[in-house]
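In the two complexes below, subunit A is the common chain; its partner is subunit B in one and subunit C in the other.
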Partner chain A sequence: MAVSPLIPPPPHEAKVTDTPKKTEVNSTERLLHNQNTIPFFHSTNEREVTEQLNDDVRHKYIKDKRLGEGTYAVVFLGHLRTDPSSFVAIKKIKVNAEYKDGLSMDAIREVKYLQELSHPNIIALHDVFSSKDQNLNLVLEYLPRGDLEMLIKDTDIHYGAADVKAWMGMLARGVWFCHENFVLHRDIKPNNLLIAADGEVKLADFGLARSFADPYLNMTHQVITRWYRPPELLFGARQYSGVVDVWSMGMVFAELLLRVPFIVGNTDLDQIAKICEAFGTPTEDNWPGVTRLPNYLPADANHTLPVQGRDFFLRQFPTAGPVGADLLMSMCTLDPKKRSTACQVLQHGWWSSEPKPTDKKNLPRKTDGIKKMGADLTRRGGDFDDNTTFKNAARQLKFTVARD
Partner chain B sequence: MAANYWASTQRRHWLFTREKLAEIRESFREKDKAAHSQFPLPDQRLLNIYFSQQLIKLGKRMSTRQQALATAQVYVKRFYTKNEIRHTNPYLVVTTAFYLACKMEECPQHIRFVVGEARGLWPEFIAPDVSKLGECEFSLISEMSSQLIVHHPYRTLSELQPELSLTSDEVALAWSVINDHYLTDLPLLYPPHVIAVMAIIVAVVFKPSQTSFHGSAAPLAGAMRDGGLNILAALSDKNGSGPPARIQRLVAWLAESEIDITAVIECTQELVSLYEIWEQYSEKHCKELLGRMVKTKNLDK
Partner chain C sequence: MPPVRDAMANRGDDDEVCPVCKSSRYLNPDMQFLINPECYHKMCESCVDRIFSSGPANCPVAGCHKTLRKARFRKQTFEDINVEREVDIRRRVMQILNRREEEFDSKRAWDDFLEQREEIIANLVHGTDVAKTENDLQRYASENVRSIRANQALEVQEASSFKEQQTHEQELARLRREAAKQEYENERRELQASREDVLSRLAAGRPGDAAAIAREGKKVLLKKSSARRSEEDRIRQKQAALRNSDARKAGQTGNTADKADAAGDSGLIKGLKKIVTPEPEKPYDPFGGMVPNKRDYYTLRDFYPSSYLDPIRQDTRMQAGGYDLQEYYSRTLMEAFAGLGCFVDEEVTRRDDGDSLRSSRPVATQGSALAAVSSAGTPDAS
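So, the complex of A and B:
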């Protein structure tokens, strides 16, 4: 994959001082290597060719400072050796020192899909190399402008319907491309939507992604961060489609308009209750088959709410306008079979109605997003950010099966 | 299967020409002539038969999907285009390919379980220490430049079934032909849809008797030859009624499909020669040669 020359950030960004550690990593790596001379191979001299190739890739980049560290990866700022102004993010996946558990499913999934998917709205994987201490390093596109979550939360930033349309458009194209290639993202939320120097929104974190299962094969329902999780997953559906991501997109859309997360459940049950309160109670009438889902809970007979119509969406989201409200409604339909697909979302009339989406270079932006990129790229899929105010809401996902 | 084959890393980086493959293998031989003369190994295809049978044994113990086994076989092939087999412990490579393929095909198995089962099969070649497998997994991923998605012909087969109104017998037969093609270099040489079409032709046109398929494949080669001759005879028989309508339909479809017929024919020939060489296969022989190589060179340590 060719490395596109990246636009250098304004100078003040480059000196974000977060204990800038100069990379002594290389020397320690060498030390480790000496004690551990790849015992798996009988003789190492035969590996020259591939090792040389790997070294070539490794030497293409220089690691600068550390941007963030999470449980499963460390992210460094880096640049091309030949061009100090072309930045990249190097995500070093921590391989358990003793290889006790093999490589985590998250890492495998991320590499697997980013290697194949290339689209303007999906974070680009420029290169992969292994370092001497046998860590996997992903060289990712440098996205210095933070993520959508930052923009939503920053009260100093003002944005309007045209900006929301631009961001949603980029998100929808990225998601459509994934689905078109038979990949479910399964963790769409504002802090996985990073922003490039030119304002382009990029879908990141493929740690929970998977390809569509063959018909009748089960998948896990324990995916997607709770507030963005669709009702069918909360009810434990094991067979689902791309519209799970469309629901998450709808939640992002609502959050962009309201500037707070729309449906904030404290537990999975609470999340279901709040979805019912907002959109209506799922019944066999409005969602045939719902009562047969594994974790379906019958609603209180005295407390069934009718499914909300267009009026509700217009009232709740006046900034979206009638056409936008209609699109949002189609993305938040309870019955997954009736919910819009990513393709139908893109065909909606909202995109061509007034106002026109803002040109990406004129979109509101943050300038100190680079640290956020570090945090975003090191988080584990499905987790809430540790430093958000909603810390107590974070739940531990149990991936005993899915994550091996 | 995920993503688009035409833009895939498989198409861009893991398709070779026959010449290129031969060149790679020759360069391994050149580099370490001593090892090659000291440790002669059976024909690549016979080794593949051995590995695949070992993999199936391993997969059976853990009830794994066919797709994961297929992916594992492709991983082993890709790995040995970068590494000389005589410098590795093939049992460990096969086990690791299996472990990684299970994760890739979304049917993950725990590393301890895999090591445990592999040790049950080959106690003298697999160390109890799981870190060996973890380490080898890492090499495998690096050697394959972390390009891990493999596109298989099975999906094309299912897609073409209604289009060509294939009977369930024909599908089953084509399916096992696809299983067999992993024993050859074909997965490194041709795109999956070409393989699938080849499998369909073999199943529909040659119709080798089902019984001959498993275990000894020897009669199959003969059946294919005879079947082929019959078809040729029918085709050249200007006065007769020509080939059966069913085959005519397939031929018409092929003509319209713009598929690379030459490639399909080459695949068929590769398969025929596989079935021919299969007659020489001896599990014991492969096991002995590999065992001697691994033990003498201490590759299992």
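So, the complex of A and C:
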């Protein structure tokens, strides 16, 4: 908003502000602005300019129908005023009663981090504007093909190791890009992984994101949906690193392979118990310093399980293959220091091993079956597609094969 | 070839006289005239035998010095020798310029090609720019041997499959006719049989039953004919379904052949579709084209001495939580060097030139994002 507050208001214009309605002023101003003349401002010019810019953005989009509503936001389908075929999703943040004196943290986080990140595997934030009653509206990329959770749960959809590899690749790229720019996502789970029209998986919902690596700044451990939360957060660590997201990725990987969430705890304590059961009990040997963590609960001395080796993962996830099981194991290591980083995940040999990841346009999708069926039903019996390439092209006699 | 036209000018009565040996059909009713596509001069069969049996020789027509071979003499198809010649030329040109409709980008390009081909034919027929046109044609032929051959094969295949389909259809029609005839015959026979049956029963029965017998006979007849009709319907439907599936199969086999040919854009013909040779499959790049750990202006070391950070190195609790000082080093250095090599002006102009939706992206552009990955930093990082 650094538009020349130094330009002095023309004296004769100052009087106009007192009388007319605000909308009129805005419209004249817009007119002048569009004509590329030097805009002249009023006594209250600072506010007017920001309002003006906001209006410009707001009028770029048209809201269509409502797509969904949650406790925190309403999502509308929208499109550009200039181009009705360019869809966007407009996320209108509800005014929250808790935050009387400002915006909710989620909204601030989402805007703050999403506008910094531009990557094919991260949902794009096109614009932000505020509507009438000071509601915050985020103009987001339109991703019409649902999310990974939907695909995992739909028993009619069959997918294989190659598809899982493609999805995981896109997820890992998105997470790696966040971490490379020092943003923790902190809420990776299948229903935050949306699918674009071309099949690309996009990381969405940055409501819990924050930047990291500041040594003397504590972070909260009450983040990440419980089933995807790593043990260090369950033990209450206040300083952690990017590998918390890697654990969540590992859980998503396991869920993609099993088609059910892998570790389903009812409470935080239950979650820890189930993690220990699945991967082994954390001890000072396999995780130095774990007993010093705030919420660490000493395990039952005669019920300690050894840390699971590769065999366990191979047995549990046969579809991943030996290399895939190895990757999953490196993502689900209890000790965060030993866990792979997002970069190391991408450098793993699994990506280059067979099978090759499915091309994103060939990935299983939900609506495809319906479309195919429609095409089949509309075709008439015994009818087949017209073979001529161009309509009304000149007919010609065949001289070449006519004889001999 | 002006002599051809001259020769054709005085056709008519002397049609029946061989221009070479002057023998007429009157004397030799079996006389056959032959022509050679070299010069299209007409002569009788016996002249051809006499002159060319011992090898190639000059055309006996005065003023024509073409060397002719016996093997190329043939009967003429069209009465007008000009038409004969044009058809020959047309056939030859079309054998060379045998591009197909599906090879062109647009209808416009296809039409242009057709027009160009007609022009070439007209040039050759009327003798304008013959040398140049022939030259072009030969060059095209030698450059596109493969596609010409592929298209020829396709055409032959199409012609034969068309013929096959036609005979198939004829066969089906014949079968249908026969079935109809058979049906009619059956119906007639049954009618006859039932009538005889009624008659014999009437003869055997009592006079009082006559009306009842007649009614019964009619009923039986009706029942039979309706049963037959439904049976026929069933058969007919079956046959129709069979025909449809046949037709579909034929259509499919026709389609698969289309993709066979492929060749480059030739100098002569414009607007051909670009041949898309499938790209050799690239190995999967997990990083999606970005380079991990690329730092333009500095190298990241494993350890930086700092009293500010010493307490953290000793804090096992932070270590246990996974906190990694390496990330702190990396971030600090990245932010220190952020913005170097980033030119906001350039990015803004590029952004504004881009399409409307992308232009609305407020901060992050592709360029800044890439720069950020290579740790040069985002333009607005402080």
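The rule is short, and it goes like this: the second predicted complex is superposed on the first by the 311 of 404 C-alpha atoms of A that agree within 3 Å, B and C clash if a C-alpha of one lies under 4 Å from a C-alpha of the other, contacts with A are read in each partner's own complex, and residues count from 1 in each chain.
Here is the rule we go by: a residue touches a chain if its C-beta (ideal position, glycine included) is under 8 Å from a C-beta of that chain, and two chains touch if they have at least 3 such contacts.
Treat the numbers as computed from the prediction; the structure is a model and nothing was measured.
Q: Given the touch rule stated above, what does A:Phe182 touch, subunit B (first), subunit C (second), both, or neither?
A: It touches subunit B and subunit C both.
Q: Looking at A:Ser118 after the superposition, I want to know if it touches subunit B, subunit C, both of them or none. Which is it: first, second, both, neither?
A: The answer is both, since A:Ser118 touches subunit B and subunit C.
Q: So in the superposed three-chain picture, is A:Gln239 touching just subunit B, just subunit C, both, or none of them (first/second/both/neither)?
A: Second partner only, subunit C.
Q: Going by the contact rule set out at the top, does A:Ile272 touch subunit B (first), subunit C (second), both, or neither?
A: neither
Q: If you stack the two complexes on chain A, which partner ends up touching A:Arg210: first (subunit B), second (subunit C), both, or neither?
A: Only subunit B is touched by A:Arg210; subunit C is not.
Q: Between subunit B and subunit C, whom does A:Leu103 touch in the aligned arrangement: first, second, both, or neither?
A: first
Q: Tell me which touches more residues of subunit A here: subunit C or subunit B.
A: Partner touching more subunit A residues in the overlay: C.
Q: Looking at A:Ser130, would you say it contacts subunit B, subunit C, both, or neither? Reply first, second, both or neither.
A: It touches subunit B, and subunit C stays clear.
Q: Output check: A:Ala172 vs subunit B and subunit C. Expected answer is one of first, second, both, neither. What do you get?
A: second
Q: Who does A:Asn54 touch here: subunit B (first), subunit C (second), both, or neither?
A: Touch status of A:Asn54: first partner only.
Q: For subunit A, which residues lie in the overlap of the subunit B contacts and the subunit C contacts?
A: 115-118, 128, 181-182, 212-213, 401-403
Q: Which bits of subunit A are touching subunit B when the two form their complex?
A: Checking each residue of subunit A against subunit B gives 38-43, 46-47, 49-50, 54, 95-96, 98-103, 105, 108, 111-113, 115-118, 128, 130, 134, 136, 181-183, 210-213, 219, 401-404.
Q: What part of subunit A is in contact with subunit C in the complex they form?
A: Spelled out, the residues of subunit A in touch with subunit C are 57, 60, 80, 82-83, 86, 88, 115-121, 124-128, 139, 169, 172-173, 176-177, 180-182, 212-215, 232, 237-244, 287-290, 292-294, 335-337, 339, 343, 346-348, 351-352, 356-357, 381-382, 384, 387-394, 396, 398-403.
Q: Okay, in this complex, where on subunit B does subunit A touch?
A: Of all residues in subunit B, those touching subunit A are 1-4, 7-9, 31-32, 82-84, 87-89, 92, 99-100, 103-104, 106, 108-111, 130-139, 141-143, 145-149, 297-299, 301.
Q: Please give the residue numbers of subunit C that touch subunit A in the complex, ascending.
A: 87, 90-91, 94-95, 98, 101-102, 104, 106-107, 110-111, 114, 152, 155-156, 158-159, 243-245, 247-248, 251-252, 254-255, 281, 283-284, 286-288, 290, 292-293, 309, 312, 316-325, 327-328, 330-331, 334, 356-357, 360-366, 368-369, 372-373, 378
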